Amino acid sequence: MSEPAIELKGISKAFGPVQANKDISIRVMPGTIHGIIGENGAGKSTLMSILYGFYKADKGEIFIAGKKVAIPDSQAAIAAGIGMVFQHFKLVENFTVLENVILGAEDGALLAPSLRKARKELTELAAEYELNVDPDALIEEIGVGMQQRVEILKALYRQADILILDEPTGVLTPAEADQLFRILHRLKDEGKTIILITHKLREIMDATDTVSVMRRGEMTATVKTSETSPQELAELMVGRKVLLRVDKTPAQPGKKVLEVENLRVIDSKGVERIKGISFEVRAGEILGIAGVAGNGQSELLEVLGGMENGTGTIRVNGQELDLTGKFSDARSRRKRGIAHVPEDRQREGLIMDFKAWENTAFGYDDDDAYQSGILMDNTAIRQDAEGKIERFDVRPANCDLEAKSFSGGNQQKLVLAREIERDPDLLLIGQPTRGVDIGAIEFIHQQIVALRDKGKAILLVSVELEEILSLSDRIAVIFDGKLMGERLPANTDEKELGLMMAGMTGEDA
Amino acid sequence: MDYLTVLQILDSALRLATPLLFACLAGLFSERAGIFDIGLEGKMLIAAFFSAATAFSTGSVWLGLLAGVAASLALSAIHGLASITFRGNQLISGVAINFLASGLTVLIGLSWFKLGGQTPALQGDARFQGIDLPLAETLSGVPVLGPLYAEVLSGHTFLVYVALLCVPATWYILYRTRFGLRLRAVGENPAAVDTAGISVVGLRYAAVAICGVLCGLAGAYLATGLGASFVKEMTAGRGYIALAALIFAKWRPWYALYATFLFGLLEAISNRYPSLDLGVVTLPSQFMQALPYILTVVILAGFVGKATPPRAGGEPYVKER
Amino acid sequence: MEQLPKWADLIVVPLVGLIMAFVLSMLMVLVTGHDPMQALKLMVSGALGSTYGWGYTLYYATNFIFTGLAVAVAFHASLFNIGGEGQAALGGLGVAIVCLFIPWPHWSIALVAASLAAGLFGALWALIPAYLQAKRGSHIVITTIMFNFIAASLLNYVLVNQLRPKGSMDPATAKFPEPSHLPSLGDMLNAVGIPFAKGTPANVTLIVALLACVFVYYLIWRTRLGYQLRAFGKSQPAAVYAGINPVKITIITMMISGALAGLMAINNVMGEAERLILGSVEGAGFIGIAVALMGRSHPIGILFAALLFGALYQGGAELGLWTSIPRELVIVIQALVILFTGALDNMVRSLVAKVLVRPKKVEV
Amino acid sequence: DPAIIFDLGGKFDKSFNEAAYNGATRWAEETGGKFAEVELQSDAQREQALRRFAEAGSNPIVMAGFAFGNALGEVAGDYPDTSFVIIDMVVDAPNVRSVVFNEHEGSYLVGYMAAQTSKTNTVGFIGGMDIPLIRKFACGYAQGAKAANPDTKVISNMTGTTGAAWNDPVKGGELTRAQISQGADVVYAAAGGTGLGVLQTAADEGILSIGVDSNQNYLHPGKVLTSMMKRVDNAVYNAMKDGPGLETGFNVMGLANEGVGYSMDENNAELVSDDLKATVDAVAAKIISGDITVHDYMSDETCPSLTF
């Protein structure tokens, strides 16, 4: 057997009191795709960041191609042929693609020659790996999928032999994900070594050669992918049996809760993002909106949630909503019984610096139960929060921790607890399980279904087709600000939906 | 208002804008790298002192310039230590630096010259002299543009031209060099710079150092170019105005020139018209003195949109909480 | 970053920073040819060693509490109010108008009225920058700086041309009538039998300042408004998601901030000078920035930071009185204190941590 | 021992406070005595300093500046055995000597000289801040200038409205240039540290300037026409010499008792012709005799020769 491309021995890393990695050892063979799975907060990103020189390990050794190396910073990692695509991209938002690619890998003191050379090389790389991006586009103006390509291009431009991808598909559409895996396979065929962190067992099963499982800072197992099953991996990860399919009974639709007629939204730049759409959601059903990110589903949620203005008619329980005036804000929507789990929990759904208990009142701070006279009744809020944290199994169950100290899955549970326990007539929910581990996904899906079964209307927006298919009672596909049509989950599949998401009507498909 | 008056006002505006321009560009480098600096004032002040003191003692304005820059750099080093190495609060550090400069200049001045914290007046080679640009005399006959060249552009001290050259230079460095790319990146997203294998700390120190040099030039210009001695607190709030100009300029070099020139112009106008008789009412001198500030607010509210500061500005780069 | 026990973070670190600042300062005293021990003793005993010293220390501290709170409230909403100087100056104008033109039967009523006027004037002076920030996106830092200058001009005009008694050399208003004079701390304490030096400027406003601390505490951490302004300060997109109106919050926050700065005037204008003089704010608006930052924008922290600065002012005055140490040295000491307890606190913390903490790890 | 308290500008303000300081040091040098001193940083320290010195037994206590009026009014009565001397302000108390200067008279003289010297019939005035005291200077100056030549144009500028107005030589210089471009060829600065910039720029630009408070002719020999002398130093010197129990009451220092005047020395000997000197001295004599009345801005707060 040949020398492992990467070998980590006894890596330990603590962040203050948090032991993120405990004595971890791992071997990755060259020319393979090696998966790493684990719950949120298990320490996957930390381990990879150490390998990339972003964090310094407290203990442990790193061997690259059999040679012991010191990786005190990313420069050393790059020199050792390692490239990494972080979970949260490390791009300069107001730089162009080209500038981001050459940053740190410039050829001389002046930019122009570097840019020229990079432009040429980028075209070559693009041709070779189907990694097409507009080199002059600004990062903040391209979608996440494109941004990820830029990250991969950055690594390839630096001639990485070892590529680490941390949850690369969390933000991708199915088509984009498929393409990513094609690229990864091509890279693998060229002899490059790839480490892939993901929460999606299907990706592990489809793409990897070996897989390591992490739990609470420790490496619990490394197995050959061909010799394991999703069920086994899930159990290794979570430490208990996990239901991988959503368990739900057929919907019992009731009266119309949400009626949307000819809704239009024009954004601050004057671009029409929603071009006249109409649909309805009834009590006791989940309407899933499928679509490639950026086709208007975010705006749809924002208008409904009172974060943006629009024109047209929206009725909730038969009463028309104010879309532009004094009552068009999010607070008025809540008073109308609309709860909203936003797509971006860290930017919108939570105040990351607030304690968990403060966050459970976020948006509902005017609730009578939270007031005592002119002051807020913090004791009441806290008690309320403790209940929510317990019922939604938020871990750690400490409502005095700041939101940023929770892992992504647990942050999402905090938001869900807050919104679902309001017992809303209509729940708007965007990307409910983005970046969330499978244990938590299972739980979150159960909660959504339970709310539906209580006779509430739910509008689900997700880029995960699998999620849409398994949760929705009806599916609508959005493309370019228009609805392409509706399907019942039983009568459609990912392929058809995928085509509709690409703008082809059912008839074309 | 005749043409000559206009020229004279422009001439004055250029002089008044120069220290602001230096300081504004200084702030630009620092803030573009993500380090907020409200200590521009203090750095200018200490540079003004050391440049005047050294120029007087050695008789050479060049040595004075050097000393001023060095003093300003020393304060920059403190700011860097506090805000980069020890990840302290950049605003507090700036406040401290302003106090430090205000106290130290007088304290040192007292024991050095025994003149109550001032330096003696500078003469001859101890101060910058006006430079007549080539052909100023000959061209002044050319209608309209000739006088503009001869009156407004020509005849300033060396540092005025340096300041003007600093604008394209800054633009070039920022947008056309590797260093500039990295500098801008580190102010927007230090993690991106870090993971690209570049030292965030090194870059930020470099930016803070450039800031120090430019503040040094600003201070030296005040004491040895525009004036000819150091007087305590002689920066008179120009560091804060430069800061305002920087935001006004949206952290961009050419805009910095326009913004500081606008401030200079408004001040020159209010200097020229200490009180304005409008026929119906006479605007009192206090109003005319406030006019530059009032107009700034009006312009800001009316014409300048939202300015987005460098995204990582003011935040120390902390990887591990 | 090293984890320190909370008590060490709150007490040991600032204390060590303070000691370092003073060691350095005393070195400077030595270098400039004076006796550092004498200077230190003078400063400490002058500021804290007698009720007389306290009478001044507390007076200055009162000013700084107000301006510190003003900066802090705005900070919580991510607004950097550098305009405390101008807002306090306008507050002084409000106080002067109320005290000069309305005959008050008793100081307590005058105090209430003057507080309202001071707060209102300060708030209104903050309103325009706030409005421009909220509606037009004009950067609040520039506009508040500009408004400081405009306030100075306005006061200069008003004092020289309007409110100055005819024939007076002093660009200041007339003395406020007797009934509006506030009782000094000495008067009040002596009345209840606690000996306290008379003739010091600390006055009943100190109590108002302490109330303001309590008010700000409740405002920020216990009211809905505080909740919303903190949320807005931490994340604007999230605030919109929660239905918090950014325009409203910006304006209200800045007005509260301006009102707090304006309230300073009841201390220095009404309580101490008993008339409005030119330049009465004396930079307290800027010190407020340092105080708020050092006090970590928390009323208790601000209280201590304000006391520290008050003591430095008064200790510095004693130095000036009894030694030939130039007053600029006091400014340098202030600078070093700000530097070591404020900006370099992480350096101090890591030093303290080296001594205090043996690394121990908690399992998760 | 006597004590002296300097105003917020500090004892080295190159003008008023510094003159006071010079008077005190002259006294100390001549008598070998010692005096206590303090430079204030805050308005609240006025009363504090007065009381602290009085309690410590300093006597007499001299203070420089009109801003002390209020504080002294409060304090004087509490220390009947201490003598106080206040400059530039009148405080009516049995143990206070109030020294005021007829700055308008001195300013009239230098204004007269300015107008006589000016070739452009335009003279300038640059004040620190627009406060009554400075208007008093400006008003006397303008009147003198107009008296010398009714066609004289007087341009007046104030530097600023914050404390920085007294310490901004750069702005002083720029104001000077602005006045030069409007034709001024003599400028009079009454602006503390800002005035240094005025004198400097005037010298650089080849026009004449007039100093203030103390004799500033030496700063730019041959370029400073004269200085309006305000003998604060004498007032302080006399107070200290008179010692405890000095004669109290109201002291007006004018031309008559050489409290104000214009300075002549080797530095400006060539600038002021004997003719001019003789004329000015004659004017001075007329002011002293009452043949010429110089309008005091403070008397009715108007200025016939200048608008502010």
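Residue numbering begins at 1 within each chain, and the chains themselves are lettered A, B, C and D in the order written.
Heads up, the rule we're going with is that a residue touches a chain if its C-beta (ideal position, glycine included) is under 8 Å from a C-beta of that chain, and two chains touch if they have at least 3 such contacts.
Note that the structure is a prediction, hence the values are computed from the model and not measured.
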Labels of chains that are neighbours to chain C and to chain D: B
Top chain pair, ranked by how many C-beta pairs fall in contact: B-C
Centroid-based (C-alpha) most distant chain relative to chain A: D
Centre-of-Cα separation between chain C and chain B, whole angstrom: 29
Centre-to-centre distance between chain C and chain A (centres being mean Cα positions), rounded to whole Å: 46
Geometric centre distance via CA averages, chain D-chain A, whole Å: 74
Touching two or more other chains - residue numbers and ranges from chain A: 16
Contacts with two or more other chains, residues of chain C listed in rising order: 1, 149, 152-153, 156, 160, 326, 330
Overlap residues in chain D, where contacts from two or more other chains coincide: 10, 130, 160-162
Contact graph of the chains (line, ring, star, complete, other): other
Interchain contacts (touch definition) - all pairs: A-B, A-C, B-C, B-D, C-D
Interfacial residue positions of chain D with respect to chain B in the complex: 10-14, 18, 130, 155-158, 160-162, 164, 167-171, 173-175, 177-178, 181-182, 193, 196-197, 200, 204, 219-220, 307-308
Chain A-facing residues of chain C, complex: 1, 3, 218, 222-224, 227-228, 230-231, 234-235, 237-238, 240-245, 361-364
Parts of chain B lying in touch with chain A, wherever the complex brings them together: 175-182, 184-185, 188-189, 191-199, 311, 319-321
Residues of chain B that touch chain C when the two form their complex: 78, 81-83, 85-93, 95-100, 102-104, 106-107, 110-111, 117, 237, 240-241, 243-244, 247-248, 284, 286-287, 289-290, 293-294, 296-297, 300-302, 304-307, 318, 320-321
Chain B partner contacts - residues on chain C that touch it in the complex: 1, 28, 32-33, 80, 82, 128-129, 132, 136-139, 141-143, 145-147, 149-150, 152-154, 156-157, 160-161, 286, 289-290, 293-294, 326, 328-336, 338-339, 342-347, 350
